[in-house]
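Labels A, B, C and D are assigned to the chains in the order they are written; within every chain, residues are numbered from 1.
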Amino acid sequence: MGIQNSTLYKYLGKEFKSGRRNLISDIAGIKVGHVTLAEGEIQTGLTAVQLDRDIFRYKMPAACHVINGFGKTAGLVQVEELGSLESHLVFTNTLAVGRAWQGLCRCLLEENPAARSVNPLVFECNDGHLNNIRRLMISEDMVREALNKADADFLEGAVGAGRGMVCHGLSGGIGSASRQVEIAEKEYCLGALVLTNHGRIGDFMLAGRKLGRQLYQEIVESEKLTAALTSTSIYNMREEGSCIVILACDIPLSSWQLKRIAHRAIVGLSQSGSKLGHGSGELVLAFSTANRERQGEEESFHEGKTLNNCHMDTLFRMAVESVEEAVLSSLWHAESVTGFQGNKAPAIRDYVERLSF
Amino acid sequence: MGIQNSTLYKYLGKEFKSGRRNLISDIAGIKVGHVTLAEGEIQTGLTAVQLDRDIFRYKMPAACHVINGFGKTAGLVQVEELGSLESHLVFTNTLAVGRAWQGLCRCLLEENPAARSVNPLVFECNDGHLNNIRRLMISEDMVREALNKADADFLEGAVGAGRGMVCHGLSGGIGSASRQVEIAEKEYCLGALVLTNHGRIGDFMLAGRKLGRQLYQEIVESEKLTAALTSTSIYNMREEGSCIVILACDIPLSSWQLKRIAHRAIVGLSQSGSKLGHGSGELVLAFSTANRERQGEEESFHEGKTLNNCHMDTLFRMAVESVEEAVLSSLWHAESVTGFQGNKAPAIRDYVERLSF
Amino acid sequence: MGIQNSTLYKYLGKEFKSGRRNLISDIAGIKVGHVTLAEGEIQTGLTAVQLDRDIFRYKMPAACHVINGFGKTAGLVQVEELGSLESHLVFTNTLAVGRAWQGLCRCLLEENPAARSVNPLVFECNDGHLNNIRRLMISEDMVREALNKADADFLEGAVGAGRGMVCHGLSGGIGSASRQVEIAEKEYCLGALVLTNHGRIGDFMLAGRKLGRQLYQEIVESEKLTAALTSTSIYNMREEGSCIVILACDIPLSSWQLKRIAHRAIVGLSQSGSKLGHGSGELVLAFSTANRERQGEEESFHEGKTLNNCHMDTLFRMAVESVEEAVLSSLWHAESVTGFQGNKAPAIRDYVERLSF
Amino acid sequence: MGIQNSTLYKYLGKEFKSGRRNLISDIAGIKVGHVTLAEGEIQTGLTAVQLDRDIFRYKMPAACHVINGFGKTAGLVQVEELGSLESHLVFTNTLAVGRAWQGLCRCLLEENPAARSVNPLVFECNDGHLNNIRRLMISEDMVREALNKADADFLEGAVGAGRGMVCHGLSGGIGSASRQVEIAEKEYCLGALVLTNHGRIGDFMLAGRKLGRQLYQEIVESEKLTAALTSTSIYNMREEGSCIVILACDIPLSSWQLKRIAHRAIVGLSQSGSKLGHGSGELVLAFSTANRERQGEEESFHEGKTLNNCHMDTLFRMAVESVEEAVLSSLWHAESVTGFQGNKAPAIRDYVERLSF
């Protein structure tokens, strides 16, 4: 739901209005569900973006863009080849990609009794700072569980795959936002869903303001961090998380146009201070729920329409705004998390009032 | 016109029938014109593929694929970004790319008085073996001349940009072929135009038959080449030419699908023995004359249809066959050329009868 | 071991001599192990390429090339980003990618007690014609089992992941070959390992000879296939398998050079008739066991040498030859397999003598 | 020389210190020269980055990244293939690419009497707002002139190719900055050169502060712009310029690593408000003057060292900082320019004091 209820909101320059929920689920047919594991040193989970059950039979035009490929995402090879999406999306921790893939594969096979081949899409971020990731607590069955829980109204922040995320030294996780636009007298929507686990604290920016060092000072004092702690903690850690960005819309677009939209996500990320660190895998998937392609050979041609390229700038700017707000929303909604080896990621809520903008 | 009138024809396995001319100009709106310079050490030229005069205002969906990028082709960056073609195509020698670009730019500006930006597409192969390429004999004005000469019936072989080409040790150059198919009760056409300057003689294959060594022996004997000559001549030269492949069709396709078709050209090339040598720049451009996109902002959406992906195999195979025959056609039509420093490229016609298949 | 003991061998044009075993394991440190499931409708398996146990700590320069991305391979995003390989390789069926990924992940974690992130590489082909693939018979533990069985001497053909493969209508699977070359007075080796599940029977070529239709006739007669059978069987099936190609060498190369080598695999594939069908996912991974990069920050710079680009042609041609022979070797070693729904893939051995070349 | 003498400087967060000149020429062997045409409706020019005369014989490792490929840059195909740079760099206006290419080609041929093939690199931005670009005033000979004028001390702002540039509604053009770092007890330098012609005025940011709307108001009032003017002028124009970024360093890096550095330029661009508009072609070239590769076959292997990947973050951040400052430097040094059809691009110097940060 973005950051519209937060004290951060007023700093956000907005050119477009948000959709009804200010969530990616403002696009009809998209729901999100979480399975969260939060006990002691286990702070992890799995999040599913459920497209409708016909996603395999009516594929959606899609494209991906790898900003920094230091990551383990599975399924992009086929999206890149065919320019289409035939699977729900699953997010989880880095070492659970196999289980999540297999669980999603099983769900897709159940939904499509005749299919002999499906292309599950699994995205990951590494929650090894807050979660004892080597204990491999994610199971194949959690994918079904998350899909069953999927709803158009869903939680953001440190839930699901977002549970153990650290973004700019703060508790991060799932964030979402959406933007609306009228084209040819019809209202269309574009939304972003992000899983934020990237960025150094010193680089943090809010709507352009460089607040990272201030924030760092506040946290060091407040948490009574000793020099020893700060030097071994997230506060000086490398940028080695990852950030996943999903962009969805209901505007008729070609895969080629979606690829160009995916290329703009980085501008939104950089507004809060991402520097695309070596160890931070940033990936983008963009898809449209319009112009779906029916599986099978019945029709020789698909009829459809695509946006005039002259209007792409509007979509690019909607994407940038959605991603920027979604990142802030992931922070705003994330509670403070303490986990593996006592590591802690503070909540921005607890500090934002103390900052001078 | 392919090799249908040649003794090579019977060895060609064909799954599809050829278009009327068996040339890329079987696709309506495509014409080809040459300017040839053939005197002494100057054996070079320029070839233009003329699309209709509206190409800038009604752009065509297009995609390129760089098989081996050791080349100087100009204009692909924008094709790759936008997935569209807004320019005629020009082919010339490696060191004339600038002149050809500028000449094509001037033609496009004349045709479009309001345009402030155009994207000329210039492809090149290096004819420095037969042509004193450093004399820079190509001028900007030759582009207009070649466009003016463009016709649906055009010569193949050692003409235009093809004048100084050496392919598998033989005289190469411009080649073309086309294939037809019926989809949903309508006849469609896909054609190839190639500029062949690649391959070692020892690797030459005809429809799968490895004839290179035989051919080499025949040429060495016939031309009375001494050991000294063969060691310093094209007969042991590296694969450092280049091969340009243009694939055009009138089938409604997306740029994404055209990119996948462009990826198949290499299969056609390899049928005559290309090994993708280090120094041989192989590039492919594929475009469709259907689904043109009108320049400007009048319309918010373009209506159109695109082929069902299930039928892509048909187009892939038409592309492979067209490229295979176009390469052979470039050889079949090329006369023997003697040029710079007395270097000579023999014609396959003079040797093919002596080969045992 | 290639096809050196087969009747096919004499048709193979060879420019380079094979390594001692004529297997990818001629490169020191590479071993291959299989787990094969072959009972009734279950005809599947898993194959592991074991690099040494230090692969995570001493990464190898690597690059990939997606010829046709209609496939589910996992792990390439990071290889593409970093240009390095930190994992053994696993091959299995399309619907087992998740289990294989997770099993390989667990093995890598065991071998590297401090690692919090590893990048398992899993390749797949679809064996759904001969195997009841939806029964999901592959387990995570089979990865450890295959790695334990890994040996420099290993079986080819319908074993491991190769069990249920169909290549050009024949029983395919695992194939391998290698080539040697002397550079600067030192012997180097480049080898290929392929998993072949691609191609139509009608397109089959042996060393350039188009034998597909002949082979098809022989098989139809011999197997007493009725018209009904042939129309529903592999004999007219689409090209929808896949082919995985691994290229390894011990020559000091940069990742950039390895990427260019990976681009040449398609030439080898096309020699036996691959047409890169729509549904056939072709992927290549190339790596070198020289110039390994030590994990960690101890050293600011890595010292190393890389091959002069002028000599790349030699490696390109070794790669083409190795791939061509490896594909034939997969066929030559594959026994006839009958599995799911009584589907059968005949062995080329049973037919090759009847063909006239 | 960056913005160190400007009132903007204090807002710039710097992690690294600048090189001696704070110019790309802090890297030994790099010089820059301009030819400027500034009279009436002709406001254009050409800028050359001169590498040493041995650039063809001792190639530099290089890589490019196309952020948005709506542009006409020539020469990148070969850089992408070989990962090396063999040419000086030339920048000019969009419709002069051919002349600049040909002029650079001639210079390279003169410097290398034996070369039959060279790969000139020409970058462009469209100056059609301030310059009557269709008059094609750039000639081939201007490349030699610009190279002759090249110096380590060079002007920034509205000079050379930068003459007619408009960046965020302001006069833009050539900008440069550099950063230093010590690795293994040796000082290294990384510098950026940009040609800025991108961005909307409303999006302008200075070190994170969103000053665009304020700036717009000041300019409208100051220039007494009427509503009619602002609606037809650059103040509401689309983002359709382009921005070229060159990153050079003297740190031993592989082409693969340089590609990853090139990917980070966008973060620097976005700090001043670039939104990667549809019509704005953003391209990056990164190269290193270390690890040069000698042309020819004398050596089988090149010895060299490359930076440990663990230290890449340092270079990424140097690149981001250099690009951010170089963009501001292009604005800071650009004088107000009035040209074609009376169009004007104001200088930021005339407005910056009035802005409240």
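To be clear about the criterion, contacts are C-beta pairs under 8 Å (C-beta built on N, C-alpha and C of every residue); 3 or more make two chains touch, one makes a residue touch a chain.
Remember, it's a predicted structure, so these values are computed and weren't measured experimentally.
Residue contact pairs shared with A-B exceed half only for one pair among A-C, C-D or A-D, and that pair is C-D. Interface comparison, B-D versus C-D: the pair with the greater number of contacting C-beta pairs is B-D.
Averaged Cα coordinates give chain B a centre that lies 33 Å from the centre of chain C. Centre to centre, using the average C-alpha position, chain B and chain D are separated by 35 Å.
If you average the CA atoms of chain C and of chain D, the two centres end up 45 Å from each other. In chain A, 68, 81-82, 260, 309-310 are the positions where the chain touches two or more neighbouring chains simultaneously. Put simply, chain B touches chain A in their complex at residues 81-84, 183-184, 252, 254-256, 260, 293, 296-297, 299-311. The touching residues of chain B, when paired with chain D in their complex, are 66, 68-78, 80-82, 94-95, 97-106, 109, 116-120, 126, 128, 133-134, 136, 140, 281, 283.
By the touch criterion stated above, chain B contacts chain C in their complex at residues 13, 67-68, 205, 207-210, 238-239, 260, 263-264, 266-267, 270-271, 274-279, 309-310, 312-313, 316-317, 320.
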